[in-house]
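Listed after this line are the structures, all set down as structure tokens.
Two complexes are shown next, each including chain A; its partner changes from chain B in the first to chain C in the second.
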Partner chain A sequence: MPQDADHSAAPLLRVRGLDVAYGDTPVVRGVDLDVARGERVAIVGQSGSGKSTVIAALLRLLPGAGRITGGTVELDGEDLAAAGEARMRAVRGGRIGLVPQDPGTNLNPAMRLGDQVADALRAGGLRGPAVRQRVLELLAEAGVPEPERRAKQFPHEFSGGMRQRVLIATALAREPELLLADEPTSALDVTVQRRILDHLVALAEAHGTAMILVTHDLGLAADRADRVIVMLDGRIVEQGSPEQVLRSPQHEYTRRLVAAAPAAVVAQGEAGVPAGRAAVVVAPGAPADDGAPGAPGGDGPAAGDVVTVRNLVKEYRVRGRGGLLRAVDDVSFSVPRGGTTALVGESGSGKTTVSRILLGLETPTSGEALVDGKAIAGAGRADRRALRRRVQPVFQDPYASLDPTHTVERVVDEPLRIFGIGDRESRRARVAELLDQVALPRDVAQRHPGALSGGQRQRVAIARALAPAPELLVLDEAVSALDVLVQEQILDLLADLQERLGVSYLFISHDLAVVRGIADNVVVLRQGRVEEQGSVDDVFHSPRADYTRDLLGAIPGAAFAR
Partner chain B sequence: MRRYLLVRLGQSAITLLLASMVIFLGVRMLPGDPALAMAGEEATPERLAMIRADLGLDQPVWVQYGRFLAEVASGDLGESTRTGASVASMIGATLPVTLWLSLYAIVVAVVTGVALGLLAERYRGRWPEWVANAAALTSLSVPNFWLGMLAILYLCIGLGLFPASGYVPLTDDPVGWLVHLTLPALILGTGLAAVIMRQTRASMIEAMRTDYVRTARAKGLGRTRVLLRYGLRNSLIVVVTIAGLQLGGLISGAVVTEQIFALPGFGKLTLDAVFQRDYPVIQAVVVLTTVGYVLVNLAVDVLYSVIDPRIRVGGRS
Partner chain C sequence: MTVIEHSDLAPEAAPAVVGPRRLLSRLRTPQAITGAAMLAVVVLAGLLAPLLAPHGPAEVHFDAPFQLPGTVGFALGTDDLGRDVLSRMMYGIRASLMVGIVAVGLAVVVGTPLGLAAGYWRLLDAPVSRLTDVTLAFPFLILAVGLAAINGPSLAGAAISLGIAQVPTMVRVVRAETMRLKESPFVLAATAMDASGPRILAQHVLPNCLSAIIVQATVIMPAAVLGEAVLSFLGLGIQPPTPSLGIMLSDAQQYLGRAPTAALFPGLAIVAICLGFNLLGDALRDALDPSTDRK
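And then the complex of A and B:
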């Protein structure tokens, strides 16, 4: 709604020399940023780069000890960095809208969704029945079906995607001129992600709203923005059109980002599979690395498979309704010895349930999940112990999966102690060896997980999983929480370990692009059923199921393929 | 919602049944023989046996328990072994005093506690927070009885603002009732107000750090509005839990306050009964206190579901 034509030449937002510090620690340094009316600018960077801090600073909603220590933030010539709180209140929601990152935590759990949208309107002075009318309009516009009914519901009754639509409706409620979208879809499934982004961009375009899109995903930024800004350690290191940034990145860091973008792998698919990993594909019956007990039982699995899952079904009772939920519905697949099978699917696809059954944490309703021809579920105590030792997990969140009060040595040593492997001396040597294997310096052993970065922690988690010399690692979204460059390092490490140790992986991920790089076989799951399975090349080059095509199409980074 | 209520009611019934067993056995295990206490030291064995038969003490324990349950269920709480008066009527006379006193105190505590907690959060790092904190700490450290005596000395005797003692039933004289109860309720409520203030403040600080509070502020809402609409409601769970737990505790806390202000309440009745080994009265008092606790807990659970809609479905968030 720009009415003053004389402003149109000057940028809507003009940031100069912005410095932000938390306490005495500077986190944003000398950021210059212009956003023209109706323009879409993407800020790309890894965690800690300061990109979200810039967003919070623009709204003057920095947490805790955060404050702007220098520079100006001009919105239509008015310096927001120096504005009073009352003035900022008029700007927030009125002229600058915020679409936050995590729809799970950004809605008040104790308030009806309609009321939460209405609050945005009331903050702008709207009163009376017009509020309700407008709330319903906004919800409908944001793609919430049956707005009349849904407005009366609470957040826990909504899916993640629907919640994000409500947050978008809230941000657009007062038709702001600038929308700040802080990782607006990174907490959502890929196909949902695409729909929400499409919708968000379409709405912004329809209203002529300018947008700053903050993301860690270079592919997504390139797809959606007119201009891409790359941040590192609180500074802008590069900016330009998506073409420029992708085709001729100037800064070293941007070059690494472009090289590491998993989506690039998809684009290169035809040219040649990345070296090293394809070679790992194990011909059935090829001698496995070392003495796994010979294939047991006549009716057992093919000699080359470490895991055989047959007609697996898992049902849960649903509280209140008296019904049954089939989380896993007739799933069959195998993991070749020394190879990698990927389970791919969105939330609710049953991929984690399958992994929990393999780890012996759940019992199947029917069907079987065999490791070396034996099922953990039906096994006796001693057998189960032996099987547990052969299958080790690595979880998604390296922050939550390591006990912060233990030293790294104790963490890695724990499985050795549990399985009674070796004495104190030999265990200490084994821990050192494991740390070497995951390329961590040995002095890390005496540190606590809190002193390590996310990537280092995930290396510790891998070392712990490898400790009892398992045959299979269950990697449940093991790289999903990591920054792109770190992700790449961990994937390289995994490939390297597989080559050296002959360990097999069940790699669970929602991210097809990552799977492309590491897996031999892919199983695509949807609502507990197998949609499609086959070798990586087949699934990626000639997907048969519509759903697989959807998933592939939803991978951001079409810009790379241009 | 109805299903949730039914489940909670059922759980409460089971809790009560278990509690009644514990109470029954507990009272039986108290040292001292009630028959002996009634008959006096010089009683003949025949006289003792008669009293035992009269009280049913010669029956097997489970028969006694069954009779006890049946009597309690029918509202017959027996007679005092001391005065021979019906226990029900003794309780009927004293319970309202304590109930009103406790409720009044809880209201005082919740209102001042939550208000001070909000104030402390709204003006974090400025003087209102210091004042609220200092007030909370002081009222936590000062014992009730001393505060009560000071209040009587200065407010009642010195300034003559309140009557120093006594009680007037609500039905007789509502104004007199209020005047007589106000000071005891204030005294009884201060300690609890301090606890509630600290908890409100702590959970408000927690709530104000959440993402949804930032998002609410990004809508352009003012700090106070966000505090009340987004922060407070999510902090109330803690407040309700504490107030509920304390309401039960207040009944015992009221013993001291009732003594200071000479209120003819439940606390005094309990104290006398224990000293005189008046089994039926003790038993009735404990049963009623238990029922009170269970009912308060039920009310707390219902309040939870009103405050947090996720609790209604019975699942974790």
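And then the complex of A and C:
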């Protein structure tokens, strides 16, 4: 599979047998990597696979106790693994540029953006009025409109996407030969993500810059790289052209990754590649009922709707400007009993506000959000209690949504204690039953959330939400923070639970691709308004709104789906 | 139906909260060990003073004033009245630590509930915060002078004024933690389960504040010990002949030229207490903070 031999010149970057350890724990083992001039290589893997560590090791910027324990990193024949710190300073920025992951934290909030780009230029020895000239050039090139005005602004005046453009300008400031992009867009909205990546790739191409793109998203990697490298547990398990990797993955792990990538699934199913999961996910409409015709899982709306949201409006006062922000603007939809409605939108679309109103954490400005015909907002104490028992939340971040000081048992039986359900014995039995339902071993009950993995924690959060036997789960980005494979397992679990328990879901996500497998109906939100709603098939196959088409087009790997 | 069952069961990532056993192993840094050792010596000396002290704290030896350290029978020398500096120091440490403990206790008992309430209920935030601002505006010395004027100078008066002076910092620390935790998803989840405010504070917020409170206590403790020394030095705290580290300093300054060591040792004891708590507090903060945990 290595294809480095076909370049006449030696590769720009040549990594051989790279070992990196944090303390005594090896995290990268024997990585070999070649990048030719102008080539784009994508490294794909889940969190903990060592992909970001490789990037940090290339720059010799390993955090904490991390150090390179073996191997060579040759840039144009010079071994960086053995280079001195002074030499590395010249290499960083000068020959290797870095686009970091989080545009929120990688800019100095107290410094004008133009000055931050200028810093990179001055570090390269540029002085005088040429600096300002070049800053404006770079900003314009990175796609920042009105660079002269915006260079004087501070990071908080920029959106996430704009900030990432500034970081790209900084990385390219000294025209490096190699650009390292560590999950450059995973903190951004999907449509923004696509524009930024396209721009980044175009810029790299125009400058003839080689690029290593690190991502957890196989589809995104396949769209933009010449070569895809798959990492698992610190090793490279597979590499090849995107076609090769996606269409005929060799390694078992890659096969699972391909099967789990939500967009690629479509391609697979249609290409007839054998993949058991794919067929289930693509099954139109029904939430993956495992092909068991005897168990329709309460799919029909016979029992009516659990949730009815009518003309919901929520306004926030914007401090300082004296204006009102309409976070939710005349939104209406429903959730069928035993079914799933998905709210899809980018950040600022109002989807989380809707969920908070349903959970009774916010009160609507006007309109109503009814659960079984009653609104939590404005209900009396007793009514509110009864309603809250029927609606339970699962939040995005499984690391933050469980109290770290409680044991799993205490986490799961908390709603039971609050609602006064059962005595100590019956609660214990119920916790065991719930853990069984979410496929966790019973002995996790006495452990703390800190000892569990992300997927396990999300299972605990689901068990907690199911504890008082609710009718509706509000899943607010419930799988967004998880690795692709774990995401797939949690989605399976949710579909399975719906089938067995008949709970309804309000599934909130920014990711259309994920929604497809689980939802019956889709509501597309944009800036607080409903852009489009309908059944999953209608929205995916014949989207009416331009915005929906944008969103669909932005799904990474969509190109390969056709 | 799940194809790959349990493959997400491998524990990864560092635990967000540090259990007691883990905490001990993380406290095995030179810094923490030095701090703990210094405190252990000082605290033991104070606790065991009645057993270990060679002389009574107020026992005078008019035949042997101003003895140098190393004198037989007076390991650290004597003061102007021939009182054994070592014995007085051991008893003095007791008084200083007592004041520290009372002050910390007061700050925790008063500051924590106020901080929780101010952080959680918006309505209470303004009154509580303004009240702490007002308290901060008064130097603790004025408070101590006032209390001494009413009740006469005493250990209790000194401890109370020092404790009150430390309440605002505790309120601020707990309030900030509460405001942060209030927005955390696990508290939102509890709210959505109809948990009441007091329940959330007791079950979720307070346990997660504990590490911040403990660290703050290790900051308050040396401040209170220093404060006691200041107050006693000025005659507003513990009254002679009861020994305290501050009184010993105050006495010793009168004959600093003849017996400088009588001031040196109590001074060193104060340094040891403050440094010990600061070192341990710093190490504790690092150990309790999951974000410093690199794999």
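Quick notes
Following the convention adopted for this analysis, the second predicted complex is superposed on the first by the 513 of 562 C-alpha atoms of A that agree within 3 Å, B and C clash if a C-alpha of one lies under 4 Å from a C-alpha of the other, contacts with A are read in each partner's own complex, and residues count from 1 in each chain.
Going forward, a contact is a pair of C-beta atoms (placed from the backbone, for glycine too) under 8 Å apart; a residue touches a chain by one contact, two chains touch by 3 or more.
Not measured: the values here are computed from a predicted model.
Applying the stated contact rule after C-alpha superposition, one finds that A:400 touches chain C and leaves chain B untouched. A simple residue count on chain A separates chain B from chain C, and the partner touching more is C.
Of the two partner chains, chain C is the only one that A:449 touches; chain B does not reach it. In the superposed model, A:30 makes contact with neither chain B nor chain C. In the superposition on chain A, A:102 contacts chain B only, with no contact to chain C.
Contacts of A:63 after superposition: both chain B and chain C are touched. In the superposition on chain A, A:389 makes contact with chain C only, while chain B stays out of contact range.
Looking at the shared chain after the overlay, A:93 reaches chain B, while chain C stays out of its contact range. In the overlay built on the shared chain, the residue A:418 is in contact with chain C alone; chain B does not reach it.
Residues common to the contacts of chain A with chain B and with chain C across the two structures: 63-64.
Listing the residues of chain A that touch chain C in their complex gives 22-23, 25, 27, 47-48, 63-66, 256, 276-277, 280, 288, 290, 359-361, 384-385, 388-389, 391-393, 395-397, 399-406, 414-415, 418-419, 439, 441, 448-456, 461, 464, 468, 485-486, 489, 492-493, 496. Interface residues of chain B facing chain A in the complex, by the touch rule stated above, are 3, 209-212, 214-223, 229-230, 233-234, 307-310, 313-315, 317. Those residues of chain A that touch chain B in the complex are listed here as 56, 59, 61, 63-64, 85, 89-94, 97-98, 100-102, 105-111, 116, 119-120, 123-124, 154, 156, 167, 170-171, 173-174, 319-320. Interface residues of chain C facing chain A in the complex, by the touch rule stated above, are 1-17, 19, 184-186, 188-195, 199, 203-204, 207-208, 294-295.
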